[in-house]
Every structure is written in structure tokens, then in C-alpha cells.
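Next up, some structures in C-alpha cells.
The same chain A turns up in both complexes below, where it pairs with chain B and then with chain C.
For the complex of A and B:
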């Protein structure tokens, strides 16, 4: 039996889908059998980040409504043959999937995969409750903005109330230069407020936009881009290996120095 | 009885007890001497002057209070601000953090071990003690209980209320780091005191 992990945030647009695509790809690079489930019905995105939008035939709602079986709906990744996507339906509403149906679906997937990563929609309504229903663990993602932190706090409270014990935090879009100048909440401040375990720190990185447009998760270029490196550290930590975050901050100051050198 | 004595304990804070048979001038002299002697110990604390029932005019008291505050930075009070949890000494103990969106209510005193986060609300009929940082909203003495007090290790709240009084948040001094903050109602006003634990 594999493990099901939901990635959620409360606030929208903080990087859930980006995280699912990259962590999923990273775990698959390690040879594990991975399926990514897009539960953001009506606003599907995950297919685009993986560059799989043209390969979708069936979706999650088709499976639930019996138009196809689970295997038929899974889309195999372009690059890695142990990575699969179960896409969301773009033309349905969140209510098209019930909590019971989601639990059953995730349970079925866990039989065949090492990890089932579930991309949750924003908010704390039905879509969120459905997304978390089948998961064993949860990753909460936030940016260092106060509004995002407060929503993360709310979501952590809801997850705890739903019996989740293994919760961890990814802080996304961190700008170490701003933290150093006191213009941005630091990771330590966030951990103090949210009091959960840190899973990763992802720096702000404009290269992510290019990677999204290309449909190629940036973790595939962990040697070139700092956000790719950061996601590879998340994968390491998720697998229980030792991680040092200083590596990241160093990589940033290194890149900064190069820029400064060219700018003169 | 002796003319003057000083007591400091966790239940009652720092207390100066004077003999009520002395006149006001004598009392003032004695208290000043005592404070001078222990200036360091008293500094930034709230000191309760127990007049044992002796009546002092409002004006005279206010003058004296002002003098001591200006000279020594010590706030004198005529009413006992007890660190008392209640006569029965009971409290509901809650492990924090109290997260955003949660409403925590209690009829009994409340001891919260952990933070009260932004976007959460704590409402209690009696006193609230927070062994952590308050970033959210807390209301002690709900139901017009003016004896309720609030204690917090750190205080950067969104809203603080005791009984029907809402705290003016600009009264919170976040620069002088002490052990914690006491909030209580005195003379129809909410006061915030830095609690130094007798140090």
C-alpha cells in the first residue's frame, strides 16, 4: 500500500499545483511509482504544468460517473514512465465528486502506486474537504505574506480537527534578500506562528514561469535553477534524508553575485 | 504592627503594607523610602499599596501616584491586582496554538499553553492566562465580570477586551521586554502592566 499526501493551502495561487508537479516528478526520478490527482475540478492546471494537456482522454469525474475505469483515465508522463496524472474535469463543478467517492478512489490508487499526491483547490469548502478526505498526510504550503500565513493556520486547524497528525510546511516564494533586510517574514517566524514541521523552502524564481510555459517541471533542472534545487531538497526530506537549507541560501547569494558582477 | 512591610509573592504580586494609623504625609515618606531602597527590584512593576482600609482622597492619591511614576517608573495601585487564578484555583487548560478561525470559549478561568494566533478568538467568563504569544483576539470577563484579568507572555493582539472595556492597543509596550503582561480593569479603565516576576 502506498501513501496518499494532499497538498493544500487555504489561500489560492500560493503554489500548490507547482509543488505537486515538482515533488511528483522528483519522486518519480527516484524510481518510485507516482500518481498525481488533480482535484481542482473546473480549474484544472496540473496537466499544463506537466505538458500533458493534449493527452487527456478521460478525467476523474468520468471515472466516478462510470464512463471509464481508473486505469483508462490515467495519463502517463511524457518523460518518466513511472509518473501518472489523474486529471480533473474542466467542465464540471467541485460537487461532482463526493467525499466517499474520493476516499474510494484514493484507496484504489494506493494499491498500485508508492505515492498518491493530491492537488487541492484553494478555499476550505467542499473541494478542499474532498481533496483531504482520502489522504494519510498533508503538506501545507504558504508564502511569507501575512494573509497566506493566516489561511495556512486556518487550514492546519481544520486538518488537525480532521485527524491529520503528519503535517508539514512548505514556504514558497521566499526572497532571502528581503528577509535579510527585514522586509519579509522569515521561515523561522512562520514556523513559530504555525508550529508545524518544515518540509521545504522554495525561493522566488522567475524561471518557474518559463518552466510552466514549457510544461516541464523545474525540478528536472535542479542543477541550473534554485527553485529546482529547492524542490529536490523537499523530495529528499520527504524521503527521510538529511537536508541542509543553507545550501539554498548560498545558491541564491551565488547567483546574486553573478548578476551583480555582470551589472557591474 | 510595624509601620511598613513589603511582600512579594506569585499570588499577590508586590505589595507594600502600611499601618493605617499613620497620617498620609508619614505614609508617603515611608513608601518613598521603601521604593528608593528597592528601586531595582520594583522597577517597571506594578506595586500594590495596601492601606488597610485607610481612606485617601482621589486628588491626593493621584498626585502621589504621579510623583512615584515620574521619579521611579513604578506604577502604584490602591487596588489589589491579584495573580489569583480564582479562590477555588481552577482553570481549564488548553494546549495551543489556538489557530486562525477557532473560537475558544470557557466559563472557568483559562490557561492556554501556546500561542493564540491571528484570526482566532478566545472568550472567557473569568481570567485568561496565555503562556505564549497573543496575536488574535481575547476577551476575559465575558458577561461583565470586571474582576477578570489577562496575563500573556507576549502581546501583539488584534483585540483585547475585559468585561465591557476594549483595550487601547497603543498602551502595549513591546520594547521593554519583561516576563509578561498583565491587563486589568482599574478606575473604569483597562491598564497594561509589564510583569517582571519580581526581577
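For the complex of A and C:
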């Protein structure tokens, strides 16, 4: 039996879907069999981040309503043949999937895959409760902004109330230069405020926008881009390996140095 | 920048953010609206003034997080 992990945030636009696409790709690069489940019904996006938007035939709601079987609805990744996507329905309502149905679906997927990564919709309503229902563990993602941290705290409270014990935090869009100047909450501040374990730090990186434009998870270029490197460290940590975050801050200043050199 | 240095030491904005967050999260976690604390304060002033002479200005009612519990802390400085 594999493990099901839900990625959630409360606030929208903090990088849940990007995180799912990259962590999933990263785990698949390690040779593990991975399925990504997009539960954001009506606001499907995980397909776009993976560049799979043209390959969707069936979706999660089709499976639940019996129009196809589970295997038919899985979309195989372009690059990695051990990575699959179960897309959300784009034309249905969030209420189309019940908690019981989601639990059953995730249970079935766990039989065939090492990891089932569940992309949760924003908010704390039905869609969120459904997304977390089948998961064994939860990853909370936030940016260092007060609004996003407050929503993360709310989500952490709800996850704990739902019996989740292994919660961990990814801090997205960190600008180390602003943290150093005292103008951005640092990772230590966030861990203290939210009292949660750290899973990863993703620096702000314009290359991430370019990779999303292309539909290529940036972790495929972990050697070139610092956000790609950062996601590969998340994968390492998730697999229980030793991780040093200093590497990340160093990589930023190294790249900055190169840029400065060429700009003169 | 000159203005900042004229005013002396500037509080880093992340410290402001941290403090505001810590306060708002105490209320969020306890599921209490800040307005309720004001009402408690008013009621306390009315009740306690029936029995004691105290400094109305410096009464303090606040929520704080201690260890795993939220605590409602009330400070009523008495007059000599």
C-alpha cells in the first residue's frame, strides 16, 4: 500500500498546484510510481502545469459517476512513464464528489501507487474537506505574507481536528535578501508562529513562471534553477533523507553573483 | 532613508508582521472576536466598581497563548 499526502493551504494562489506538480515529478524521478489527483473541481490546473491539458479524456467525476474505470481516467506524463495524473472535472461543481467516494478512490489508488499526491482546492469548505478525507498525511503551504500565514494556521487547526498528526510546512516565495533586511518573515518566524515541522523552503524565482508557461515542472532542471533545487530538497526531506537548507541560500547568492557579473 | 535615520532606529517590518500575526492568531484559535473582549472589559468595569475603587483607565483585558492553552488575562490595578 502506498501513502496518500494532501497538499493544502487555505489561501489560494500560494503555490499548491505548483508544489504538487514538482514534488510528484521529483518523486517519479526517483523511480517511484506516482499519481497526482486534482480535486479542484471546476478550477482544474494541475494538467496545465504538467503540460498534459491536451491529453485528458476522462476525469475524476467520470470515474465516480461510473462513465469510465479508474485506469482509463489516468493520464500518463509526457516525460516519465511512472507518473500519472487523475484530472479534475472542469464543468462540474465541487459537490460532485462526496467524502466517502474520495476515500474509496484514494484507497484504490494506494494499491497501485507508491505515493498518491492530492491537490486540494483553496478554502476550507466542502472541496477542502473532501480533498483531505482520503489522505494519510498533509503538507501545508504558505508564503511569508501575514494573510497566507493566518490562513495556514486555520488549516493546520482543521487538519489537527481531523486527526492528522504528521503535518509539515513548505514556505514558498521566500526572498532571502528581504528576510535579511528584516522586511520579510523568515522561515524560523513562521515555524515558531505555526508550531509545525519544516518540509521545505522555495525561494522566489522568475524561472518558475517560465517553467509554468511551458508546462514543464522546474524540478526537471534542479541543476540550473534555485526553485528547482529547492523542490528537489523537499523530495529528499519527504523521503527521510538528510537536507541542508543552507545550500539553497548559497545557491541564490551564487546565481546573483553570476547575474551581477554579466550585467557588469 | 534620511527620514528614517532621523527618527532613530526603525522597527523591521517583519517584526510588526510577526506581532500582528501572533495577536490575531490567539483570537482565531480561541474563535473569539476582538469586540467580545471590549464588551467583557466594559462589563468588568461596571461589576468591579460596585465593590472596589480602581483605576478605570489602566484596566487590561487580553487573550494570550500560553503553552497549549489560550488564557484570558485580566489586570485591574487598584487605587491606594
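Simple rule for what comes next: the second predicted complex is superposed on the first by the 264 of 264 C-alpha atoms of A that agree within 3 Å, B and C clash if a C-alpha of one lies under 4 Å from a C-alpha of the other, contacts with A are read in each partner's own complex, and residues count from 1 in each chain.
In this section, a contact is a pair of C-beta atoms (placed from the backbone, for glycine too) under 8 Å apart; a residue touches a chain by one contact, two chains touch by 3 or more.
Keep in mind the model is a prediction, meaning the values are calculated, not measured.
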Check: Is A:189 contacted by the first partner chain B, the second partner chain C, both or neither?
Finding: second
Next item on the list: Report for A:157: first if it touches chain B alone, second if chain C alone, otherwise both or neither.
Entry: both
Margin query: Under the stated touch criterion, which partner chain does A:181 make contact with: chain B (first), chain C (second), both, or neither?
Written below: second
Next item on the list: With the two complexes superposed on chain A, say which partner A:107 touches: chain B (first), chain C (second), both, or neither.
Entry: neither
Next item on the list: Report for A:146: first if it touches chain B alone, second if chain C alone, otherwise both or neither.
Entry: both
Check: Residues on chain A in contact with chain B in one complex and with chain C in the other?
Finding: 146, 149-150, 153-154, 157, 193
Next item on the list: Sort out for me which residues of chain A touch chain B in the complex.
Entry: 146, 149-151, 153-154, 156-158, 160, 193-195
Note to self: If we count contacts the way the header does, which residues on chain C are in touch with chain A in the complex?
What the structure shows: 12-15, 17-18, 20-22, 24-25, 28-29
Notebook entry, point to check: Quick one: in the complex, what on chain A touches chain C?
Noted result: 146, 149-150, 153-154, 157, 179, 181-186, 189, 193
Note to self: If we count contacts the way the header does, which residues on chain B are in touch with chain A in the complex?
What the structure shows: 97, 99-102, 114-115, 117-119, 135
